[in-house]
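Several structures are given next for inspection.
You will see chain A twice below: alongside chain B first, and alongside chain C after that.
Take a look at the complex of A and B:
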């Protein structure tokens, strides 16, 4: 296979890792029925914190742990405000986005542009020697492997364990989950905290690996992309993973066109393409247009195809559960 | 099996929803709890099923005091509740719904659960596909799933809240048979909460009546209906058969109309509605009654405005593709196609619907109001011409939760002025409150009113000079008294020559109030000319397809 293509694919796997981790984190948060809209700010703040802690202590592990704690803390603010103060999750999340972004600028000033430590390159023995696949998937660092395993883990968890079944019920109809003995609020806290920790980890994986170093607003926008990917992925782990790779792939393509100057188009148009395509896909999937095209699928496969195209959010998303 | 409750009380602030209720339920019997809306039936059942906890009182099961703090506890004690709107997960499969709530295991154990589910369904005579999505099920099937699920959890006391709302006659008789078997053969306690006297008389052995939170009466069945009604309301309500008021003048003519419904396409509907006539639509849930009414009301079918967008879509396509052939830059063309799909996609869908509608319909299809074809007019237009439609989902489709009565009155005002005349809206609201005896204040938010009062508000908002009112299940969830009031308001309208078309799952209601009945069955319609000679059993047969 063409070595340029292989290395591009490897780059896509690498660059998509933070988006993958953040969107899987948001996936379990939203599946539990909570919207954590603060992703963009949380990722910035966590990225800054991971870099700063690693810079000062020299310990990568410490940086990653602090980043995850920050993500968890922000997420817990969202759910606590919703449960205890009955505040709107979207409003709280949005305010936290702005707050965290400003905090990252404020605290990160003196780390801006500094030389930092990178998570060590750790190819997996034997597997890395597989042609193409080895280079694409198994010649990275541990965070990237984690992002791949995470997708499989989240999928197994949500669709093949009883706790995952409860998780799906939680976001769908909390009252029904409650009468079946699920402790709704407690589990929401658990999943939201776990999701938040993953978002923090996504921040750390930017500043310690994918976009090495810290600069004001260095990851700006990626949180929103992760949120969009969750919707694009129809709240399903593998579709979300596909979405993340798709977006990063389109960006790589745009970069390539820009460098080679093949199309002779303003850079903005190329940069816009992923968004336009994502919008088109979203409209296609959510408008029911896709469903009406299902007529061409043989009836036997129709339910499966319908399931695949499904893009309904968890029904109780963003609502607060109270037993009345 | 024996369930005793002692001095159960529950207060919400100053309101006593349950006031020292004591009773003993015995195994093998079917109990009914009757009461008008707000009598405290639901509260009592929620306390028994653990969804709410009592302010004071004791529950004793087989002479062991039971502490019930959550539905899970209740199930552990053998008390299970089937909620009116079954508490299940719509986008999950039947099997997944069945598994969730079972004693915890780490993995799903689908195969084991599926075998278990199928075996239990077979015993009960239910026919559930474990891999179907719950959202594709009818309410009756969802109830069956919940019953199987509760029984598999070892439930010995089964509480059902209004189980016959929204299920077909056939499903109802199957449900009743199941409940009887459970009580007789397995010595279970079955408790039915209902406001439908006919159902209670058909199924139950004992009747408890609640009024204003207190247990006011207890009878063994059979027992005179009048006595039950008197116990429920504290007074007798005489149900008078309404006098026919229609004239010979037809106002609406429907000729060879076909309506696509959820299960079938209803072919070839012909109907003439006369002034002041009441027409009841009978049929299984989802047989096309609603689609028929919505079509007549100009909702949910392509109208001329949609045709216009379809034409715009066609022209747009032609233009864009024409341009594409001229241009050379690939990306610009991609952008154009993107815009094409973005803007024109929905319009194309409309076009597709329009074509499908035309293909289904004979060229001669007509809906005529007072001799004018209204087939391609939309709802807003038709409202001006005197056709109004009230959906069954009062708070979902008809009214706006969070707005006050005055807001609604202002919204319904059809004025060309840009400002809102609040004074007039307020006056009209006051007037409506007196005229329609609405229990509520002008500035109460609509969702705080009871169902019956919400329906009265909906009726008061309709323009006065209507030719035809279409109502989907006008008395859904209302008790006998509220339902009677709604009907007297509706029947009053006939004096001005307004015709009424309504659908209802309650066959008695259809027979009582209709001048003629249109029966929807398996894609066919049959017109019944003389409902006074009709029995519910005969009507049920017609619905089931026997002629």
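Take a look at the complex of A and C:
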């Protein structure tokens, strides 16, 4: 295979890791029936905190843990406000995203443009030597491998474990889950905290791996993209992973076109294409247009195609649960 | 206890409980800022003096605050309509940007007599902002794309489009793409004689506010929007044309945001800069949240926000503090008000439940209904595996 293409694919896998981690985190949160809209600000604050802690202590592990704790804390604020005070999850999440973004700007100004530590490169022996696949998937750092394994783990957990079944129950029909003995509120807290920690980790993976260092607003917009990818992916782990790679792939393509002078278009116009395509795809999937086109699919393949194109949110998403 | 005393206690407790969240929010936000300033070794008095000096000390500074306030209030007016209908118009930043782009397209390339010129510019600003918002509304109703995500995408598209115009077709010769050339004098909104304020923007904002006040307090359409905000599906079943109302609310909000964008380029800047909206759309969302969609509170809250925000730049230049400090203060304030308002509501509910319990002789009252917020499209049960 063309070495430029192989290296581009490896870049896509590397650059998509934070989006992948954040969107899987949000998937867990939303599957539990909670919307955490604070992703954009949380990622910024976690990225800044991870960099600042690593810069001051020299410990990458400490930076990552602090970023995860920040993500967890913000997510817990969202669910606490919803459970204890019955506040609108969207309102609380929106205010927190703006607040976290401002906090990252204010406290991060000392670290802007500073040289920091990078998560060390850790190719996997033997696997790294496989032609093409080795370079694309097995010549990265540990966070990138984690992002790949996370998708498989979330899928296995959600669809092939008893606890995963109860997770889906929390988002689809919390009252039924409660009747079957699930402690709805307690498990919602657990899943939201886990999802928040992953969002924090996504922030850390930006400042310590993908976009090394810290600059004001350096990850701005990626939280919103992660949220959109969850919808685009129909609340399913592998489709969400595809969405993350698709968006990052489009960005890479835009850069490639610009470098190679293939299309004589300004970068600003090329930058718009992922958003246009995302909107078109969202409309295609969520409007039912995709399902109405299923008539052209042979009847034998129709159920599988229907399942593939379905994009319905958890039925109790955003709702409060109360024991009667 | 006499009946009169009981009534007095009731009234005072209701009033106190009503404004308590705001006071607690201000106190917590101030405490947090004091903590940050202490950490930065900056005297709080110096910050206060600087804010006062740059905003209220001189007539021209006060005029500057008002000039900053008008577009925010205009955006808030539009957001009041969409919020009442239960729509989160996060795409307002993009609508402001497109309004500014629309006004610039006339200011740079069309030459008409003064009055026609100004009218055409403002018309284009409103039309561009309105159309941008309408896209989000149509995507919501016809495409099943939630307005939050549709709005965010439209924000990025507007920002990229505006940046493209600045680096390519509208870029001045030998420029870096940070702004267009200054508009001709004929294209700039007229100013008052004594202060640098635009009477046209004042009229537009006043008209918009009165329109929204009357619409939401005493019109059939306002009632329909309220019903949709409470429960869109029920409103639809009761015959409210929800789709048409969503389009209309988004369109009007977009027109107001577009006019705010028009004011920014046609009066404050006299050119189209990069990142023209400067976050005033999100600021307006915070204002409406803080005012809890109460129309009468919005002018005061938005003025307070404008006053603080217009003091942001000197903080950086004079005290080496970042302007984001103001954003932190406002963010904590809105967050605390939301939280303490939630606490107040729960306390109120508990007191009412106790009263009901006492009245019914110990029988437990039913729990309050759950709040449903649907993201994406219609809810359904069951989900498939990958």
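Going forward, the second predicted complex is superposed on the first by the 324 of 324 C-alpha atoms of A that agree within 3 Å, B and C clash if a C-alpha of one lies under 4 Å from a C-alpha of the other, contacts with A are read in each partner's own complex, and residues count from 1 in each chain.
What we mean here is this: a residue touches a chain if its C-beta (ideal position, glycine included) is under 8 Å from a C-beta of that chain, and two chains touch if they have at least 3 such contacts.
Since we're looking at a predicted model, the values are computed, not measured.
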Quick check on the superposed pair: does A:96 touch chain B, chain C, both, or neither? Answer first, second, both or neither. second
So, does A:239 touch the first partner chain B, the second partner chain C, both, or neither? second
Between chain B (first) and chain C (second), which, if any, makes contact with A:161: first, second, both or neither? first
Using the touch definition from the top, say if A:37 reaches chain B (first), chain C (second), both or neither. second
Kindly classify A:178 by the partners it touches after superposition: chain B alone (first), chain C alone (second), both, or neither? first
Report for A:221: first if it touches chain B alone, second if chain C alone, otherwise both or neither. second
Applying the document's definition of touch, where does A:110 land relative to chain B and chain C: first, second, both, or neither? neither
Name the chain, either chain B or chain C, that contacts more residues of chain A. C
On chain A, the residue positions that both chain B and chain C contact, one per complex: 168, 172-173, 269, 276, 279, 283, 287-288, 310, 312, 315, 323-324
Sites on chain A touched by chain C in the complex: 30, 35, 37, 81, 84-92, 94-96, 98-99, 101-103, 105-106, 109, 155, 159, 168, 172-173, 221, 224, 227-228, 231, 235-239, 266, 268-269, 271-272, 275-276, 278-279, 282-283, 286-288, 307, 310-324
Per the touch rule above, chain C residues touching chain A in the complex are 36, 88, 90, 139, 142-146, 148-150, 152-153, 156-157, 160-161, 163-164, 167-168, 282, 285-286, 289, 322, 324-325, 327-328, 331-332, 334-335, 338-339, 342-343, 345-346, 366-368, 370-386
Write out the stretch or stretches of chain B touching chain A in their complex. 49, 51-52, 70-72, 75, 81, 83, 87-92, 96, 99-101, 104-108, 133, 329-331, 334-335, 338, 341-342, 345-346, 349, 352
Can you tell me which positions in chain A touch chain B when the two form their complex? 160-163, 165-166, 168-169, 172-173, 175-181, 263, 265, 269-270, 273, 276-277, 279-280, 283-284, 287-289, 292, 303, 310, 312, 315, 323-324
